[in-house]
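What follows is a pair of complexes built around subunit A, which joins subunit B in one and subunit C in the other.
This part shows the complex of A and B:
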C-alpha cells in the first residue's frame, strides 16, 4: 500500500492514542504546575484506575448485574458504572496519598518529592501485581468488528469512537471547570504563583486536593480507555505510559492543561505517523526524540508561560 | 489612632537574621514610607507583617489585636493586603480574574468592588478581558495594586510600587496611591524613589542594616541634612 493511502488510518489511530495520552498528561501538568514536582507515579495512577475499573466490573458481574451491551459498543452498563466509580476511587486514593505522604514533604523541595513519587510508583505497581499477577487481564474478551468508512478507506471500531467522544467530553468539562468556577480559577492562579495565591487568602491546601482529585480522575479515565482500546491491561502498562505523557507535558508547556492536551495529540499522532517511515518498534522512541528536541529549542513548551 | 504596630521585630531567613529589633507604627488613614539602602530589611519587614516570615521575637499588633501568631490568610481577612515587589500578578489569568482572586475570601459580590477599582484605574477596565501577561509594566502594577484593593483593606502594604517604571508612570502610580489613601485606606510602602515617596508620606522610617535609624514626618526627613546626604543621594 502506498504511504498516502495509509495516512487517514494512521491519523485515526493517532487521535485515539493521543486522546489517551492527553488525559494522562493533563493531570500530570496540573500537579506539576501547582506542586512543582515531577510525579513519576502518574503512569501507575493510570494503571491503578484501569485495574480499579476491572475490580468494580467483576464486582458488579458478581452481584449479578446483566451485561446487556450497548450495541454497537462491546460493553454495557456495568462497564460504564465501573468507569465512573474507578475515576472517583482513584481520585480518593491519590488525595489520601497526598495527605499521608506528599503534604508532609512539601517544604523539602522537588527532589525529595520526586523520590517519594518513584516510591509510590513502585508501591502501586507491585500492589497491582500482587493482587492480579503479571499476566494480562481483560475487561471484555469478545473481538469487535471494525466499521469500514467508505471513500477514506478507514477502519474504526465503535469502541474507538466511544474513546474519542469520552476523552473530548472530559476535556470540555475540565475547560468549563477551569474557566467558570471559583475553584477552577483558583487552581489556575495557584499554578501561576502559589505564594501570591496564599497572599490572596486562597486556601492552597484545598486547591491542591482538588488538583490531585481532578488530575488523577482524568488519568484513571485515560488508563481505562487504554484498556478498552488495547483489550487488555497489565501491571506494567502505567510505566510504559510515563514517557509519552511526560513528553506531552513538556511539549505543551509544564503547568498548562491546554498545552498538555495539544502535546498529547502531537505525541499520539507523531508516534503513529512515524510508522510510515520506520519500524513500529521505534514508536516509543519518537516521543522521546520530540521531548529532547523540545527541551533543546524551547524548554518552556508550546503554551508554557513560565 | 494606631492601626498597625510592629514592636521590636527580630526576623530573618533560616539562620540569617535580617531585622535586629525593628519597631514602627502606622496610624489609621496614614501613608507611611520605609526607606533605606539595599539590604536594610525593608521587604523583610513587609513579609513579617503579612506573616510570610515568622519573627523570632517581637509582636505585631493590628487594630488592637496581637496577630503575631496568625496565618497570612487570616491577616488578609482582617484587612491587611500586600503587593509584593515582583511576581505580584497571575500572568495567565485575565485582568478581571486577577481582581476576582483578590476578593477570593470575600463573601460579597466582588463585582461591586471591582467597579470601584476600575474607577481608580480606568486603564484596567479597558483591558479587563486580556491576559495580564500581555500587558505593559505599568498596567501590570495597576493590576497588582487593584488586586490588593479588592478586599477593601484597612491597610495595604506596597513593596516598591514604582520599581522599573518610566518616570511618567511613577507619577501616575503615586497619584493613585494618594487617591487610594483619600478613600480611607492606610498605606505602608517601601520605596527606592525615596524623595517622591517621602513627599507624599505622613511619616517615614529610615532602616539601616536591620535597625531603625531615623523616624520623622515625611517632610522633616526630606529636610534632614544627614538623611539627605546618606540616603537620598545628596
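This part shows the complex of A and C:
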C-alpha cells in the first residue's frame, strides 16, 4: 500500500491512542499544577484502574449478571458498571495514598515526593503482578469485526467509536466542572497560585483531594479504554504509558488540562504516523523525541503560561 | 568446614554484586545526594556501560551472531574507560535540553533515554545482537588465574575437599578485590570532591539554585559536571557487571534492578553521604537476597515472589521517607573545616 493510502487509517488509530493518552495526561497535569510535583505513579494508576475494572467485571459475572451485549459493541452492562466502579475505586485509592503518604511528605519539599511517587509506582505495579501474574488479562475474548467506512477507505470497530465518544464526553464534563462549579474554579485558582488561593479562604486540602480524585478517575478511564482497545491488559501497561503521558503534559504545557488534551492528541497521532517512516518498534521513542525537541524550543509547552 | 567454605563462597558472590551496586549508588549519590539531580534512568546508563565494555573487550561476532561489529578484544581497563565515556556523552546530550529546567524534567528525560536505550538494545541487532545478547564476555585475567589454580589443584590432589573448594573459588576473590579497589577509589574521589570548593558549590545548588547562581556560580555548568560524572561512574559499574556475568541481553536491564533498588539503597543509606551509599547498598542487597530465601520458603512462583519482594522494598522505602528521611547515616552537616 502506498504511504498516502495508509494515512486516513493511521489518523484514526492516532485519534484513538491520543484519546487514551489525553485522559492520562489530563490527570497528570491537574495534579502537577496543584501539587507541583510529577506523579511518576500516574501510569501505574492507569493500570490500576484497568485491573480494578477487570476485578469488578469478574465479580459481577460471578454474581450472575447477564452479559447481554450492547450491539454493535462487544460488551454489555457489566462492563459499563465496572468501568464506573473502577473509576471511583481508583480515585478512592489515590486519595487514600495521598492521606497516608504524600500529605505527610508535602512539608519536606517536592523532591521527596518524587522519590515517594517512584516507590508508589513500583508498589502498585507489583501488587497487580502479584495478584494477576504477568500474563495478559482479557475483559472480553471475542474478536470484533471492524466496520469499513466507504470512500475514506478506513476500518474502525464499534468499540473504537465508543472509546472516542467516551473520552470526548469525559473531557466535556471536566471542562464544565472546571468552568462552572465552585470547586472547579477553586481548582483553577489553586493551580495558578496555591498560596494565594489559601489566603483567599479556599480550603486547599479539599481542593487537593478533589484534584487527586478527578485526575486519577480520568486516568483509570484511560486505562480501561486502553484495555478495551488493545483487548488485553498487563501489569507493565502503566510503565509503557508513563512516557507518552509525560510527553503530552510537557507538550501541552505543565498544569494546563487543555494543553494536556492537545498534547495527548499530538503524541497519539505522531506515534501512529511515525510508522510510515520508521520501524513500529520505535513508536514509544517518538513521544520522547517530540518531548526533547519541545523542551529545547519552548519548555513551557504550547499552552503553558507559567 | 565444607559448610563454612560454601557460605564463604556465597558471601564472595554476594559482595561482588553488592559492590557493583555500591558503585552505582556512589554515582547516584553525586547526582542526587550532592546536587539534587533526579535520575530515574540508571538502568539505561548501566546498560550502556555494560554493552560498551562488552563490545570493546568481547570476542568478534561468531557465525551464530546477528551483530556485525564489535568484539575488539581490548583490555578490561579500556572497556571500562569506554563504558564511562559512552555514558558521559549520553548524560551530556540529555543535560543540554533539561538541566536549565526544573528537576522533574531531568527525571522524565532520563526515564525517556533509558526507554530509548532499551528499544535500541532490543531492535538494533547489527550492534547488540538483539535478544540473543552478548556472550562470552571475558572476565579480566581469568584465563591465567584459573590456569594457575587448576595447575595447583592438579599437583596437590591430596588437599582436603573444603580447601580445594576454597582454592577453586580463587578467581572470584580476585574479582571481588578488583570491585572493592574500584569502589574504594571512587569513594575516595567522591569524598575528596564533596570536601572541596567544587563539592560545596554542588551542595549550594541543591539547597538553592537561585542563590548559588546569584553568587556567581554557573549553575548549569556545575549541574552538567555532576550529571556526567555520576553517569560515568554508573557506566563503570555496568562494565564490571558485564565482565562478571559474561552474558548480557536487553532483558538484563529491567527498570527495577537498574533503577529502583539503587534509589532505595541510596535513600536507606543516607543520600549525600558516600559511606551511607555504600552501607545502604550492602544492607539493601542483603535484604533483597534475604527475602529471596523467604519467598523460596513460601514456594511462590518466580514472578509472584519477585513482586512480593518489590512490594516489601517499596513499603520500606516509603517508611524510611516518612520516619527517617536522612537514611541510616544521614548527611554530614559540615563537610569541611577551615581549622
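In this text, the second predicted complex is superposed on the first by the 306 of 306 C-alpha atoms of A that agree within 3 Å, B and C clash if a C-alpha of one lies under 4 Å from a C-alpha of the other, contacts with A are read in each partner's own complex, and residues count from 1 in each chain.
Here, contacts are C-beta pairs under 8 Å (C-beta built on N, C-alpha and C of every residue); 3 or more make two chains touch, one makes a residue touch a chain.
Given the structure is predicted, the values throughout are model-derived calculations rather than measurements.
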item: Residue contacts with subunit A in the superposition, subunit B compared against subunit C; value: C
item: Partner chain in contact with A:182 - subunit B first, subunit C second, else both or neither; value: first
item: Which superposed partner A:203 touches (first subunit B, second subunit C, both, neither); value: first
item: Partner chain(s) touched by A:38 [first = subunit B, second = subunit C, both, neither]; value: second
item: Subunit B versus subunit C as contact partner of A:111, first or second or both or neither; value: second
item: Touched partner set for A:291, first subunit B, second subunit C, both or neither; value: second
item: Contacts of A:192 with subunit B and subunit C, given as first, second, both or neither; value: first
item: Touched partner set for A:119, first subunit B, second subunit C, both or neither; value: second
item: Touching residues on subunit A, where the partner in the complex is subunit C; value: 37-38, 40, 101, 104-105, 108, 110-112, 114-116, 118-120, 122-123, 126-127, 129-130, 133-134, 239, 242-243, 246-247, 250, 279, 281-282, 284-285, 287-288, 291-292, 295-296, 299
item: Subunit A residues within the subunit B interface of the complex; value: 182, 185-186, 188-189, 191-193, 195-203, 256, 305
item: Interfacial residue positions of subunit B with respect to subunit A in the complex; value: 50, 52, 72-73, 76-77, 82, 84, 87-93, 97, 100-102, 104-105, 133, 147, 151
item: Of all residues in subunit C, those that touch subunit A in their complex; value: 36, 38, 40, 96-98, 100-101, 103-105, 107-109, 111-113, 115-116, 119, 122-123, 255-256, 260, 263-264, 267, 301, 303-304, 306-308, 310-311, 313-315, 317-318, 321-322, 325
